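These are the structures, in structure tokens.
Two complexes, one shared chain (subunit A), two partners (subunit B, subunit C).
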Partner chain A sequence: MSNQLEILLLDDELIVGKRLKPALEKIGCCVEVFQDPREAMKRIGEKEFDIVVTDIYMEEMDGMQVLEMVHDQWPRTKIIMITGYAMISLARDAMEQGAFDFIAKPFKPDDLRKVIAKAAEALGSPLDLNAPVN
Partner chain B sequence: MEISQHNSENSGSKNEVDGSAKHLYGHIADIREAQQTLMSRLHFSVRKQIYLGNVLVFLFVLVIAVVLILNNEKVQTRLKFLEFVNEFSAEVQQARRYEKNYFLYGTNLSDAIENIHLARLIFTRELNTFAELQDQMTREGILNKIESYESLLGQLFQKQQQNVVELHKTGFSKGIETKLRKYGQDILASAESMMTVEKRALEKSLDQSRDFHIYSILVLLVILTMNAWLLVGRIYTTLSRFSTYAQRIASGDFRPILPKRKFRDEFTDLAVAINEMIKEIDTREAVLIQTHKMRAVGTLTSGVAHELNNPLNNIMLTAHMLLEDYQDLSDDERKDMLKDVTEETDRARKIIRNLLDFARESSSAMESVDLYQLLKETITLLENQIRLAGITVDIQFTDDLPRIHGDAQKLQQVFVNLLLNAMDASSKGGKIQVMGCLEEKADAVKVAVIDYGQGIPRHIVSSVFDPFFTTKPKGKGTGLGLSVSQGIVAKHGGSIKVTSKEGSGSSFNVILPVVTFPELHSFHL
Partner chain C sequence: MSVLIFTSDNQELEEKIARQSAEKLGYKTLNHRFLDDIARQYSLDSAKLREAMITTPSILKRMSSKMWHYYLSCVETAVLDRLLEDDIVCWGLGAHLYVLVVSHVLKVRLVGGDGSASMTDTKKERQREKWSVAAWQRREADPRLYDLVINLDQIKSDEAVNTVTSTVGYPRFKPMTYSRNTLTDRALAAKVKNALLETLTNIHVHAQNGTVVVTTTSLKREKAKKVAAIKEIAGKVEGMGYLEVHWNVDMVSEAALGHR
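On to the complex of A and B.
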């Protein structure tokens, strides 16, 4: 289990976490889901995740702030930004600031899986999407 | 969102109950009715009044002229008669002088006869003139006396022909002399009295003529004054009324001029033309407002698009996972997922409906409006925009606010404009306050939209409501938002006031009267 990817998923939409957690667990990831950015930040302060997936727009805190803080604290961690349709320009800014990739809403679970697989490859521990772990 | 739906249904049924929903724009039916009534009235033009006035003055002057000419004729007749009486009395006097000579010296009898004959001729010749002025009795009396006088002289003449010596000293002559003297005196006295009477009559005629002149001038003055007064009154009061109307139209009150007078004239044509103009302006303004609204809708669409992605994403993720794991899921899990899908679909529908409600070209109707409710709905409509801009909007209304009478859709557009402006002025993390309270006199409600942004430089504060005035970068603002907003508020009988301090923010205060334009002061002609 030590080679399992540690993922933190932050989105203030409840359903996003509810559906993506099992979706990502199926490809052998260990997923922690947060709705509240502050709690997520607290958790990030405690633990180094391999991948952080965060929404750019949230009521409490900006995804860009999350990006900045994670990047400062855990330079190795890959950060994937979830953006709204109209926010492509902001996503590009995020890329410039060191985000690994971005994914625009609405997306399929497979879309995220692919991005995560890409990130896993970059981290040196590739995932086999075709052989899901049950 | 629930609220807005409920409210629109509510207002719909309200209009049906009223049966006479007042519209803010497009008074086309009103105008058509007003036009027809205006044109169907009896025609009495200003031109006719001018003509009529002049004809009346002319007729009056004509009457004066005729009366004066007649009076003049009368004076002339009297003068002629006086001349005749004078001539007549001169002849009689001459006859009497000769008659005296005859009785003293026995001479001039034939001269006397000649003179009295002349006098009689004059008298009979001028009998017609005479007839108008003296009664028949007097006339016949005088004529008789002349004839008697003549016949007495004739008797003397006959005696003289018989060569009676010293006839003038005989008793026969003495007898005749007495009679002659009597007749002569009577004739002269009559002539004298005729002259006196005629002189008096002449004086009277002249006096009358003078008085008539004075009075007719006075009456003419009165008639001319009345004529001018009526004409000026009609033209001046109507023109000043029109200038008031023009000012009101300029301030955005596009109600048509309604018929009030019982007749139709040039001003009616003007009123009809103005009503046509109002119709055009009104339609154009409604189009302008709608066009501008579509711009606001465009701005709001980006927020909606973003907001819409959340439920769409949720549906997509849920549906895919359901498809993927269908066999492995329990019934409860499947149901939970499907419930999520339906709920999220509903959420998406509401997001769109809110914007569509706002975008819809509504038949603007006047209704009772709760401004607090309206502002809350407006903020809900702008929620995505507000969130994207990272701004907080704080709404505070006092409890005692009365409902106002207005067009909720149009007023919402005003507040959307003001809030979007406030958001543009605010920086990220900024705050906008919306405050509602009753005006001091309690006859109006004030809604203030306050931002703490960069403020408006003092030198342009006065131009912010001008059409096409904008401080926003090219392509971002049309410069019509505030102009259109002010137009809408003006239509409600209210106003928008701005106070701003450079560097510390602006406050746009919308003041709306509890009752709109009172019908009492509407346009009439």
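On to the complex of A and C.
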């Protein structure tokens, strides 16, 4: 695994990936964006990502299923759940099933960057959010 | 780490179990003694503040509805500010009624513990219910408001402490970005409401991601003045992001005016 943080971002809304990919690349992360959960799961089957950021409500597959599958296959991977339908029971269930964090949409790219930095620290590869990226 | 809130009609057992839980977890405590600090901080009459925490507005007790809502708002603001710190066991401040949607707060209701309920207990329960409905539109005894309800007639207090301290360690009660933001928004809304209630009435405040929405009612002729006052007062509150004021006509006062 390289020193660069490998992130898979799954959200069925095109705009989310479009906005967040450059925001995360700016802090030196390598980001693969998926809109289709089945394609994302296929990729997860092939590669261990450091962090998976997934939406919860998607037509093809529930983000909670993604969480369970990633957790089973790659226990080291930190999973961050994002949703526009946040509520207390869903948030608690996600944490109980092993999510690293849970964020309600809408959020600013900087909010996600902070959570990614926390996850990176938990993985033992701290990120400097202020460091310039080549 | 998390926040633990206890509530019970039996204050002695509530305090004992809350203190033992805090000691076992190494958490700080926040309880009814904090009311004196709040009274000092907001220059309130301490005895009246304690009275406001147990009774509803009454002309006989010289506690107007306006004053009562302002006093409760001072408590809510000060308590939420402290709860932002985490690692706290809280009781005796009605906090469970205004952090219902915060997922890293474990809310525990302790019932029983003193044998069968007497007439005085029933009266106390009724008074408590009246208070919680008037203040927060919730029945305090409703078990659905809590994550855990423990019957102290059946479970010993040390067993209750063990149950609570192990439950708060479940991943579902861990703070997360969503729950922290929810609590921060609640604290901001409380701060804005508190600033407005000092001079105004009929104020409801909601905050999300730092955006504050104030809803109010008044006579049509007072609309511009009231909206301007809200914008001026709320705009000065620290941490305020975007402010929106929603105004509705006070139909009752308007109708009363029309009949004069």
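Convention: the second predicted complex is superposed on the first by the 128 of 134 C-alpha atoms of A that agree within 3 Å, B and C clash if a C-alpha of one lies under 4 Å from a C-alpha of the other, contacts with A are read in each partner's own complex, and residues count from 1 in each chain.
In this text, a contact is a pair of C-beta atoms (placed from the backbone, for glycine too) under 8 Å apart; a residue touches a chain by one contact, two chains touch by 3 or more.
As the structure is a computational prediction, the values presented were derived from the model and not from experiment.
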| request: Kindly say whether there is room for both subunit B and subunit C on subunit A in the superposition, answering fit or clash. | output: fit
| field | Which superposed partner A:R92 touches (first subunit B, second subunit C, both, neither) | value | second
| task | May I ask you to decide whether A:P75 touches subunit B, subunit C, both, or neither, giving the answer as first, second, both or neither? | result | neither
| How many degrees apart are subunit B and subunit C as seen from subunit A, counting from C-alpha centres and rounding to the nearest 10? | 60
| Which partner does A:P109 contact after superposing on A: first (subunit B), second (subunit C), both, neither? | first
| task | Return first, second, both or neither, reflecting whether A:D101 touches subunit B, subunit C, both chains, or no partner chain. | result | second
| Does subunit B (first) or subunit C (second) touch A:Y57, or do both, or does neither? | first
| message | If we overlay the two complexes on their shared chain A, which of subunit B and subunit C does A:G124 touch? Say first, second, both or neither. | response | neither
| task | Answer with first, second, both or neither: which of subunit B and subunit C does A:R19 touch in the superposed model? | result | first
| message | Minimum CA distance, subunit B versus subunit C, superposed model, integer angstrom? | response | 11
| field | Common interface positions of subunit A, toward subunit B and toward subunit C | value | 86-87, 104, 106-107
| query | subunit A touches which residues of subunit B in the complex? | reply | 302, 305-307, 309-310, 312-318, 320-321, 324-325, 340, 344, 387-388, 390
| remark: Note: in the complex, subunit C contacts subunit A through residues 101-103, 170-174, 176-179, 181-182, 209
| field | Residues of subunit A touching subunit B in the complex | value | 13, 15-16, 18-20, 22-23, 57, 59, 62, 84-87, 104-110
| task | Quick one: which bits of subunit A touch subunit C in the complex? Just the residue numbers, please. | result | 86-88, 91-93, 95-96, 98-99, 101-104, 106-107, 111, 115
